[in-house]
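Both complexes shown next keep subunit A, but they swap its partner, so subunit B is in the first and subunit C is in the second.
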Partner chain A sequence: MLRSLLSDDLPRSRWLAVALLAILIGLAVAPFLFPGAKSLNVAAKICVFIVLAASFDLLLGYTGIVSFAHTMFFGIGAYGVAIALTRLGPGWDAVAVGVVAGLIVAIVLATLIGLFSLRVRTIFFAMITLAVASAFAILASQLSDLTGGEDGLNYRLPSVLRASFSLADGTLFGVRLNGRLLDYYLVYFAALALVLVLLRIVNSPFGSVLMAIRENPFRAEAIGYRTVVYRTIASCIAAATAALAGALLALWSSQTNPDTTLSFDIMVDILLMVVIGGMGTMYGAVVGAVLLVFAQNYLQDLLAIANKALAGVPLLANLFHPDRWLLWLGVAFILCVYFFPTGIVGRLRQKR
Partner chain B sequence: MRACSFFLLSPVRGRGRVRGDAPTMLETQSLTIRFGGHAAVDGVSCAFEKGTLTSIVGPNGAGKTTYFNLISGQLPATSGKVTLNGEDITSYAAPRRTRLGLGRAFQLTNLFPNLSALENVRLAVQVKSGKGYDLLSRTLTHRELIDRAMAHLAAVSLADRAQTVAATLPHGDQRKLEVAILLALEPDVFMFDEPTAGMSIDEVPTVLDIIAAIKARGDKTILLVEHKMDVVRSLSDRIVVLHQGKLVADGKPAEVIASDIVREAYLGGANA
Partner chain C sequence: MKRDWIPWLLIPVLAIAALPLIGSPASWVTLTVAGLAMGLMIFVMASGLTLTFGLMDVLNFGHGAFIAVGAFVAASVMLAMAPWMTADSIWLNLAAIVPAVLAAMVVSGVLGLGFERVIVRPVYGQHLKQILVTTGGLIVAEQLLKVIWGPDQITLSRPTALRGAFLLGDVAIEKYRVLAVVVGLAVFAALALTLNRTRLGLLIRAGVENGEMVEALGYRIRRLFVGVFVVGSALAGLGGAMWGLYQETVTAAIGAQVAVLVFIVIIIGGLGSVGGCFVGALLVGLTANYIGFLAPKVALGSNILLMALVLLWRPQGLYPVAKR
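For the complex of A and B:
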């Protein structure tokens, strides 16, 4: 049962198993354990970014494709839902239209980029995706009639997902059973299902061909696999999954703008998540996403505590000022890459 | 194009070629590739019959590996034709040629370095099964592919190394794995490019026995590039000599090895 659910890809490390269980359970009980708007927001973001990073790992870690257009597909999914909810009103039919439209656009674009440019060398492909993604981000901010420009779109979610919706009277463990809670669990279970699907894909015969292409594309061709076709299919799956992650974000936050979905900063973030967690392991993307979203949201608070503790010390207090959080994130990243070149999961699995 | 070599060919050509009833499996017609002005393979016409083992010999730089690359599709021909079982495959890309039954082992070891030995072979088995596009089943549930891959590993006596990562295998074992991948493709035409190069003396027989076993089946066509003349002499039905991209001799092993042209080619006499 568990083997089948995890597609035979067991954690193979006690600490990794503990970490994954902690993430799974922690996110499941987050609304009750850490009540409050901010912590719930962080938990939902973690769920969304786990899916986004995992889908990026399918490209980078499993197939060896370096793409900078992944946030574009994330944005397409988010804007699909956002535009549909803005235009058609807050109903589930609008959500369905938005998700399907986003998926179609993402898959068509991924196919086109794949067929036209996956034949070229890695670095050139990376450059092409960068160009396409930049063009798309500019397009999204220029077509303000459709996308709301730089300000993005604010829209109303279907009523059952709003805070005003009450699931039942009263509270459970002191938490109101409202639409936000329902929305959170929608995001949580959708993310869980998507990660399990991706885990299945990378452990399928198709996934084994992707790894062969990563290892030695020349030989993969020589033994009879049409690498361009496999790479294009992998790109499409990754794009579709990223679009679904975007749709989840749009369904969670009731606002969609270029900064939260299309910016290059997010591209760098998911690259870091995959590299820190461990390329070529779905679990690495999960661990990496959790760590990075946590750091982005709580490193400042942590530094504020350190800053207070060091109040009297001249240089150190300044160094640990909350405004320096990006510096410390950078230092942590460098240390991570230096000490765990195969990522956290790669390191954990080594020890056995 | 052949004019200058015509004289050289005449002593041995024709006797070894006509083999009688065996049908032609693979044929190249005036196959040529030019890199700039240099013709690395220059108008080579040769037919390979079913059930035979043909050795391709010649000094370094004669164009043997390039000739292989043209046949298996790693390089596009400038002119000329390649036919497999009567089908013109000149315009086909390498993966399609492989799926049609053209199997190739490489001279420089060319594996999937970070995958296990078993996975290297299983991937080759998987090509023919057509399961490559199966996204939703678990690889490990396809026992039959794994079992067949294990059998091919056992054939090159690597069964006990199945779970070893390919890159960490000793050189000789990597060469054997290369052969196992070729076996796993179950092709009609086996192309071996110096299969024993760099192997220690006691490992060579394993590979030679495999080649002999394939030959003994009688329904496969084998092309062998090899420098060790004793190997060539004992295994071959026929020897083809390439020199400066041209086919300069073609005949029975004893005749070709004894001919002046081979001596000259191997002793560095470029000008006859």
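For the complex of A and C:
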């Protein structure tokens, strides 16, 4: 049962298994264990980013191609739902329309970019996606009639998902059973399902071909696999999953703006998640996403303490300014690429 | 081998095709000069990147960091020399600008040397890691810039002599753009002369064509590469300083922003080709300005559109480098 659920890709390391279980259970009971708006927000964000990072890992870790346009697809999914909810009003039909429209746009764009640039080399694809993504981000903030420009969109969620909706009277373990709780579990289970689907994909024969292409594209082509086609399909799957992650974010936060969905900062976050967690394993993306969202929200507090301790020293204090958390993760990222190319998960599996 | 002039012809063709669309010759001249100035600034920044790629197959995604550093260093020097910048004499203005630009180039160059040693060298020949590590370098560099210069943007005003415009009849040409064109052309001429007329240039071109052969003949291509990398970084610093003066503001994100244009240009030009990079930069600069005037809404996509068109015509860029 468990084996088939995980597509025969077990953690293969005691500590990794413990960590994954902790994440699974921790996120499942988060609303009750850590009540409060901020921690629930962090938990939901972790779920969304796990999916996003896992879908990026399909490209980076399994297929060996670097795309800088992953946030674009994330944004397309988020804006799809956001625009539909703004235009059609808060209903499930609007959500469905938004999700489907976002998926279609994402897949079409991914196919176009893929066919255009995947026949050449990794570096070409990386540069072209970077260019397209930055143009798209500017476009989104420019088309303010549709997207709300820089401010983004604020919209109402379907009534079942709002805080005012009450599931049952009274409380469970001191937590009110309202629409937000329902919304959180929607995000949680959707994320869980998507990760399992991705796990299924990478452990299928199709996934093996992707890994063959990563290891030696020339040889894969020689054996008879059309590498362009496989790479394009992989980037379409990744784009579609990223769009779904975006839709989940839009359904959670009831506002969508360029900063939270399209900016290059998010792209950098995803890169860090996948590389630090471990490329080429879905579990790496999961671990990395949890770590990074935690760091984003709590490393700042740690840095603030260090900053205070160094208040007198001019440059050093700036180095530990709470806003400079990305500096430290960036250094960790570079060290990871050099010394632990398989990331945290790879390390854990080695030790076993 | 016959020289391939068609891509060069695209520049005048594009400019002439735009004339009837724009209508008034006066604004056409203004836009063309603006486009050339922008294109040449991008060329200055992009030339080093395309050469390092051609020579060692290394694409530095952190190139934007050198651009940003150049802009910041130049801005600091110029702000420190504020009295000379606002003086009425063109010589005093130049006395402030020249050291600022030189400082930008030196700091970027030295940084390039360190970047090559620490970030790039351990990952030769591994594209995926190169992209990842150099992107990491960009992230760290951008954060360090914020540590040193603070997170806020720096406002930088042009010196007195470079403000305003020359008026020829009803044609207005901004003075700074003329300077940018002159500097850009000088850099292109210097690069072209070095590459085509000197022994060093011969070795670099040979290295781009076939590095192994050059090594087999007893030349150390690694040393050449480090030299090219440093010069490329210094040029990026120069371009960053010019771009900062052009925009009159400097932010830590400037590197990443301009780097996108730089990438588009070197893709259009053909990775590794300086001539292609020059043509690509001018095409991008001109298109951006013409389209920005004709249809501001589409302007953002114009670069991407240009890139797509060029790649449909020549999938490897305007001047594909032989072996790749």
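By definition in this document, the second predicted complex is superposed on the first by the 313 of 352 C-alpha atoms of A that agree within 3 Å, B and C clash if a C-alpha of one lies under 4 Å from a C-alpha of the other, contacts with A are read in each partner's own complex, and residues count from 1 in each chain.
Keep this in mind: a residue touches a chain if its C-beta (ideal position, glycine included) is under 8 Å from a C-beta of that chain, and two chains touch if they have at least 3 such contacts.
What you are looking at is a predicted structure, and each value in this text was computed from that prediction instead of being measured.
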Contacts of A:Y230 with subunit B and subunit C, given as first, second, both or neither: first
Partner chain(s) touched by A:S208 [first = subunit B, second = subunit C, both, neither]: first
Partner chain in contact with A:L115 - subunit B first, subunit C second, else both or neither: neither
First (subunit B), second (subunit C), both or neither touched by A:L33: neither
Residues of subunit A touched, compared between subunit B and subunit C (which is higher): C
Subunit C-contacting residues of subunit A that also contact subunit B: none
Subunit C residues within the subunit A interface of the complex: 53, 59, 61, 119, 122-123, 127-133, 135-137, 139-140, 143-144, 146-148, 150-151, 256, 260, 263-264, 266-267, 271, 297, 300-301, 303-304, 307-308, 311, 315-316, 324
Residue ranges of subunit A touching subunit C (in the complex, touch as defined): 60, 64, 66, 116-117, 119-124, 126-128, 130-132, 134-135, 138-139, 142, 264, 268, 271, 275, 315, 318-319, 321, 323-324, 326-327, 330-331, 333-334, 337-338, 341
For the subunit B and subunit A complex, residues of the former touching the latter: 72, 74, 93-96, 98-99, 104, 106, 110-115, 119, 122-124, 126-128, 131-140, 142, 145, 181, 185
Subunit B-touching residues of subunit A, taken from the complex the two chains share: 4, 7-8, 200-201, 203-209, 211-212, 215-216, 218-227, 230, 233, 237
